[in-house]
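Submitted below is the structure of interest, expressed as structure tokens.
Each chain carries a letter (A, B, C, D, E and F) given by its place in the written order, and its residues are counted from 1.
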Amino acid sequence: MKKIVTFGQIMMRLSPPAFARFSQAHRFDITYAGGEANVAIATAQWDVQAVHVTRFPNNDIGKAAIMYLRKYGLDTSEIQLGGDRMGIYFVENGANARASQVIYDRLNDSFCTLEADSFDWERILTGADWFHFTGITPALSESAAQACLEAVQTARKLGVKISADVNYRKGLWNWGKTPQDIMPELVSYCDLIVCGNSNADDLFGIKPLPEDKNKWVSTSKQIMEKYPNIKLILDTKRDSISASHNQLKGKAWNGEKFYKTTTYDIHHIVDRIGSGDAFIAGFLYGYDYFDQSVQHALEFATSAAALKHTVEGDFNLVSIDEVERLSSGDSSGKLSR
Amino acid sequence: MKKIVTFGQIMMRLSPPAFARFSQAHRFDITYAGGEANVAIATAQWDVQAVHVTRFPNNDIGKAAIMYLRKYGLDTSEIQLGGDRMGIYFVENGANARASQVIYDRLNDSFCTLEADSFDWERILTGADWFHFTGITPALSESAAQACLEAVQTARKLGVKISADVNYRKGLWNWGKTPQDIMPELVSYCDLIVCGNSNADDLFGIKPLPEDKNKWVSTSKQIMEKYPNIKLILDTKRDSISASHNQLKGKAWNGEKFYKTTTYDIHHIVDRIGSGDAFIAGFLYGYDYFDQSVQHALEFATSAAALKHTVEGDFNLVSIDEVERLSSGDSSGKLSR
Amino acid sequence: MKKIVTFGQIMMRLSPPAFARFSQAHRFDITYAGGEANVAIATAQWDVQAVHVTRFPNNDIGKAAIMYLRKYGLDTSEIQLGGDRMGIYFVENGANARASQVIYDRLNDSFCTLEADSFDWERILTGADWFHFTGITPALSESAAQACLEAVQTARKLGVKISADVNYRKGLWNWGKTPQDIMPELVSYCDLIVCGNSNADDLFGIKPLPEDKNKWVSTSKQIMEKYPNIKLILDTKRDSISASHNQLKGKAWNGEKFYKTTTYDIHHIVDRIGSGDAFIAGFLYGYDYFDQSVQHALEFATSAAALKHTVEGDFNLVSIDEVERLSSGDSSGKLSR
Amino acid sequence: MKKIVTFGQIMMRLSPPAFARFSQAHRFDITYAGGEANVAIATAQWDVQAVHVTRFPNNDIGKAAIMYLRKYGLDTSEIQLGGDRMGIYFVENGANARASQVIYDRLNDSFCTLEADSFDWERILTGADWFHFTGITPALSESAAQACLEAVQTARKLGVKISADVNYRKGLWNWGKTPQDIMPELVSYCDLIVCGNSNADDLFGIKPLPEDKNKWVSTSKQIMEKYPNIKLILDTKRDSISASHNQLKGKAWNGEKFYKTTTYDIHHIVDRIGSGDAFIAGFLYGYDYFDQSVQHALEFATSAAALKHTVEGDFNLVSIDEVERLSSGDSSGKLSR
Amino acid sequence: MKKIVTFGQIMMRLSPPAFARFSQAHRFDITYAGGEANVAIATAQWDVQAVHVTRFPNNDIGKAAIMYLRKYGLDTSEIQLGGDRMGIYFVENGANARASQVIYDRLNDSFCTLEADSFDWERILTGADWFHFTGITPALSESAAQACLEAVQTARKLGVKISADVNYRKGLWNWGKTPQDIMPELVSYCDLIVCGNSNADDLFGIKPLPEDKNKWVSTSKQIMEKYPNIKLILDTKRDSISASHNQLKGKAWNGEKFYKTTTYDIHHIVDRIGSGDAFIAGFLYGYDYFDQSVQHALEFATSAAALKHTVEGDFNLVSIDEVERLSSGDSSGKLSR
Amino acid sequence: MKKIVTFGQIMMRLSPPAFARFSQAHRFDITYAGGEANVAIATAQWDVQAVHVTRFPNNDIGKAAIMYLRKYGLDTSEIQLGGDRMGIYFVENGANARASQVIYDRLNDSFCTLEADSFDWERILTGADWFHFTGITPALSESAAQACLEAVQTARKLGVKISADVNYRKGLWNWGKTPQDIMPELVSYCDLIVCGNSNADDLFGIKPLPEDKNKWVSTSKQIMEKYPNIKLILDTKRDSISASHNQLKGKAWNGEKFYKTTTYDIHHIVDRIGSGDAFIAGFLYGYDYFDQSVQHALEFATSAAALKHTVEGDFNLVSIDEVERLSSGDSSGKLSR
């Protein structure tokens, strides 16, 4: 993969240090993140040109966000300045049986109020291997949904492959349309989606057939029948033993075969937010890197997602070497001198 | 003064540590503040029952805000929970010739979307000596303006004295009415206002008469003629030598006499935000404390405002002793053991 | 439960950050806590009026302590100012096989030197559901012991239920009397005590009967015989696998039946201090909340105690929802958005 | 100015927080800086393409440095990876009569050991308005001096203007040649140099003529005679009243006229390191921006340098607006909302 | 000077960071200090063997204190372990007109409860040039006063010169004797004292004679008549313009001549606590270093004291070079590379 | 053991806080450490006179290092000042499957450039029980290797026992000789070495005999045959389950018997660097403390090493009590009050 283009909201993330509850916090650590940008930035660590398209307020906070993203390798040249505010989310870090907590303040931000026709998608997408978006983008506002549709249509036209994390969030979708109105068309252009059974039901009304043993494959088959552009469906299975201990597995269906990974046991979680995005980034990168081997890409993706749990913030700042060491079975974390 | 009631928006204030620019900041120090609440909290340090009326989102951020305010002595029992978000403002600390910078993200917060008739002003105001608001409150939204009008009318009815910092902010007033539509009525109920010449012009169309030597007194006289309830008009004169060095004077007009203070020379400014609110709190408290002596109250107010510049955050966390030591001329800052 | 009154020493707690040893620490994080106040503050998170009675020095440290406690919802209106100093304790955070360490500097503080007859217990206790104290209070000084006795007598008279964590600390009791002189009378007024076998022996000379299988029930029966006001005896069983990993169970005897909870497995401990107090708060609150169901209250109490291990500081800053989620068996710590 | 290319060593800068002495420091704040890169980054804030050429070790420290610089807008595409180590300097922040202190550990770093012929200067310099270097670059190693010579020769050939801060540092120049061997040739290609009288003497053996009143102009005239490519010579005059209070003036000689600025009075210094580089960046940018007006460019440059004293770290992170506000005489530092 | 022995209480010093008030502080920076130890440690920076005699609790806090002091060069081999607690003082940093504030919690600490006869003064003092104590030591407890008396008597016997900062603190002296009972005898053994007019009156009942013009010399003469061992009396004159700006002068009387220094103007004060101790250390060191020149020693002492205001904490961590640079008139604080 | 002398490089250790990657770090926590000094400092906690011989630059960084080491009880009186720079190493803290990472910048530091004949080993070693060095010392430079040889020869002559951690690091040994040239002679003087099978092969060309079951004993026997001064060979076996979870066992061969310890299970690792040095310190101390009982010394050593994983930084700041509690089987980490 040489170039990826992603599109979506980026928010300022504010987190109390260590394990402080919101009410105990005297300061917030500042990062910036968003589901789509997280994918872009993970691949930027692996020398991919990662272009993220979004919109920030034209003030020193918006500019600070751009500087932050640029540091981590994002190509910020397509970020627009305008609108009124930076979206924000607050993250409280849980431990053991106390869950981590996220509070969003994302509405009416500069992304939500973008102008749908202000993006020159042909120019932006030229030369890209993949375009990636999530189900959150069209959920935020009408203009975001329109811009997203235009993006996928242009990508399709240019032969850029399209990936989507369908990601249905109940609390959003307040702008007049339902996800059932919007997502099917968007997904119909995709080559690859990340979709579990509950999303399949919520968004596409697809349920596993009772006669099928592997419920997820059952659903995935039906999705592919309905949206024949889709060649790959992915999902992860997370077992949450506690906020500090999770287990993770990746799975894939390519229309013919069901793939799954070994279980990655993740103790001493540092920060699990963004691990789903790390999984997608890992697959998109790995699929090409391993010559279209789904199994190899899936191990790479799940290993990348597992490592994300050890990195502070949303971004998966890990090297290809680190991912491959773990995906090849070495989880020893031995001191490297 | 036994009890004061204030009404207005409170925001989360996020500031980079020390002198970092926004783009350099890795963390924000968290406080919460608002022009009216700042007045209430300053008086709470002097054992006044300080009730602030506002509205926060019903989540752990809103609750953290209440806990923060409660710590500093605010009576938070009349704070409502509801609406979507906490207003936020970002403060970058300047130095010498580099100005401090404030970026607001205050619109559509839980205060702006309050329900105008949800406050039981009779109960809230009973027993209060003063009700205080600023020109920012009606500037934020229609419902805030309506609630404010109801509050001043009820206060008037109950014999609670009313104070207003007329404070015209150009960037606000986007909800349909102009300040000229709204402020005159609100001010007509007031006993005391803080108002300088440019505000007088912007809000009431009152300009000093060419024949009057003291331009501010000229304006103030006309204001009192137009709004006969007003018995006292206050203002401060700030000379900004640099972001680290200011000079401050207080002035007052009681319809008969012009009062002013000595000049307070303020080097090594720690945080100047909230000093105007500290001035008002000082006057309201001092006026009663010094048996209606305008001159004493004014010195107390200006001394309080000067001390505010030495305290981190918006709140004027200083004792009566500290204020009186300075207002009596001792600015030596001698070590107290 | 509507109102609880607690009585006891509150100290400034000074802790090196993260896992630093005392000798490595360049700064201390500041909180304030005390066994009885911890109980009060846990219930204050659940909207109980939590009145704590204590005494602080009349200086800016004493006032800072009040402000800190007020933030977390404590009703501080009965805190007296006087005496010479704030008690202090130092907490070094252990990890794995290295134990956490507490060093106390609590003697001669403002609480120890309180005036026994300076509390208007009738007024303070009116309307309270519970009065709670611990065996540390009478251990600190003669006047503290006297005030405590007066408090329990008044509570009894007013029909306020009384709870005590008998908590024998060898290093204290230097003021002239032994715990055997004092505790029996205090406990004789109680409705509920927390007492394990070693405390029963040390304080009341009661040992389990050889013929009884359940040694703790054996002891508890004898205690109830001797002190017939006591209707409930509680205890926790903690298995310390390491400083970072504990297991916790609650048990209760109501004179008729032995109750116990499932084992709560607590990895990745953030801070275990105050978990015993969280247990008591959980029981007192839960007993009422679950209509006197001992089993439900005990699960609620033990779940609250388990969650305490995930919160920094002594206070159990967790919601009823969080406690019930865990007590109902969900320890997954799944991200809450 | 559209594009600037700079060449020189960049070091990790490690500073104790606030006013701690080295022996008191428990942590270092990390930035990265270098005299030439400081110039580039100052102009990058004003939307100039700022390409810095240097060399870092090929490890995660070298990569972290690139990420840091990229954040602040530097074009890092010409930074080479190789060699053994990152140069470091330690900065202790002084106050009042206690001087700030810098300790260098810059030798044998990846820059010093660069390969002289590994830079494709034609490609790098194409399209550039200015090439800038300092006298430190050739002082570090033979290969650095050779690369620098090749760079200025190529720049001359391509018509790229050349600027040099001649900056003689006694402690360096250990690689075999003296500055008198090397600097004259390098300077002979320059269009603009920054050079005071002591540097003129040390490097070029030029002393003011006794008959000339303005000693600096006297020297500058002789320099221009000897090196006729030089069209502009600049210098600053700093009066150090204390480590916290400096006064600064800029001066220029264009072969015909002596220019100087008003005195900028700088109290409450936050960080003075990099202010000389900020001056140069200001002049190079301002000279073009103000249509070759030396006086305007000089005021802009000195204002930029004065503002640098208010910014933490070496980089002059200030906007054109901020510089012009001060250069136009407004040093009030008034709060900007 | 080769060796100095000092005797007195050392406390843990807890300070909120930057300019936070006590009520705003979430953490305390930790140092350890005491008037006598401050003198010892200042001289330890100048390669004097500085032995401090005191007593700490035998726990990890006491040991941490020893480790802290050892770091700064103190010879801790004569520190005893025993007693119950570490004395503590809290320091709130003022600014401009807001005074710094110190709250002591020093009573009943391990020093106060020392055993008077447990010090082998002969061994400890052997080889010392000076023994130094302050008027605080005998004010703390009877045993401290007794040990101090034994120390000065032994020093006298061994020919070790004795220095005392008479330093009368009203709030102390609660153990039964008045300073008038104790100080005259102690002082009668001294060679040098630091004593201003108010202390002279409070401690020795000596007032300046009306006929004498220089009031302090008048007092000093009478002191020397009464206590003929005293050969030198010192004092400083501090003008406190604000908490951030002081002026300082040193003065001395050697029985024959009145000496004074230029005025040291100290802006941007970082931490003024300990500057009196820095003055004494400077004089004791300088007197020898400058071959008994009172004037030189006095300039060195006052320069050292002025520099102390730029160093965080009580200790004067400055080099001889730094002191001499300032005492020779260079207050420029020029960057040292 | 009364006195130990160690010889080797000490570096400044710079670590991002918590789990930040190098690229995310805004500050480094500062400690100083080195393999040999770590051994000395561990024993200094147990009241051994621990003299470390090394060389630092003669500037405020070198002096800060000395002050740091002195704090932790090192006898720094034999540290020389000279040379150009302080060696540095950067430590990034891993978690779970992400390995910790160390980047060295140790060459050309003041230790590497020491003068071989500048140490008065006779004086330094007099009275010592042990002299300890590691295989890193001779690997750094020719003069370091020469000084090391002189030290072991002198120790041998004086009857001081010699211990070596042979520790072969591939990346070093760039000064002209191979470890096979140098190490055998050095080791031939030793009484005790720490050596695993791969080091035995790399350094001495010794491989286990195929017929021997215990491969390590097989190697150890051959080493002892070749170097008959060696009476004890030690090693640890570490199983790295993850960067946060290791298992550790100690083993020893005394020429007659193979000893091993129970397995120490180490969860929640705080900092594993230095645990090998803690093991050696534990053995050297314990061997004497337990009257030459290899088994007891080995348990003490392994317990000390296990506890090291719970302490921040390289130094093993644990008490004898703490080590014995764990070596006696109590790993409960129970709160100590």
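FYI, a contact is a pair of C-beta atoms (placed from the backbone, for glycine too) under 8 Å apart; a residue touches a chain by one contact, two chains touch by 3 or more.
Worth saying up front: this structure is predicted, and the values here are computed from it rather than measured.
Engineer: Using the contact definition given at the top, which chains are in touch with both chain C and chain E?
Structural biologist: Correct list: B, F.
Engineer: Could you quickly compare D-F and C-F and let me know which has more C-beta contacts?
Structural biologist: Per the contact counts, C-F leads.
Engineer: Using CA atom averages as chain centres, what separation in Å is found between chain D and chain E?
Structural biologist: So the centroids are 46 Å from each other.
Engineer: Express in whole angstrom the distance between the two chain centres, defined as the mean CA positions of chain C and chain D.
Structural biologist: Computed from C-alpha means, the inter-chain centre distance equals 63 Å.
Engineer: What are the residue numbers in chain F that touch two or more other chains?
Structural biologist: In chain F, 18, 21, 23, 26, 67, 71-72, 101, 268 touch at least two other chains.
Engineer: Got a list of which chains touch which?
Structural biologist: A-B, A-C, A-D, A-F, B-C, B-D, B-E, C-E, C-F, D-E, D-F, E-F
Engineer: State the interface residues of chain F toward chain D in the complex, per the touch definition above.
Structural biologist: The contact residues of chain F facing chain D are 14, 17, 21-23, 25-30, 59-61, 63-64, 67, 84-86, 88, 90, 92, 101, 103, 105, 107-108.
Engineer: Provide the residue numbers of chain C that touch chain A in the complex, in ascending order.
Structural biologist: 18, 71-72, 264, 266-270, 306-307, 309-313, 317-318, 322, 326, 331-337
Engineer: Please name which positions on chain D make contact with chain E in the complex.
Structural biologist: The contact residues of chain D facing chain E are 18-21, 23-24, 94-102, 104, 169, 171, 240-245, 268, 272-273.
Engineer: Enumerate the contact residues on chain E facing chain F in the complex.
Structural biologist: 67-68, 70-73
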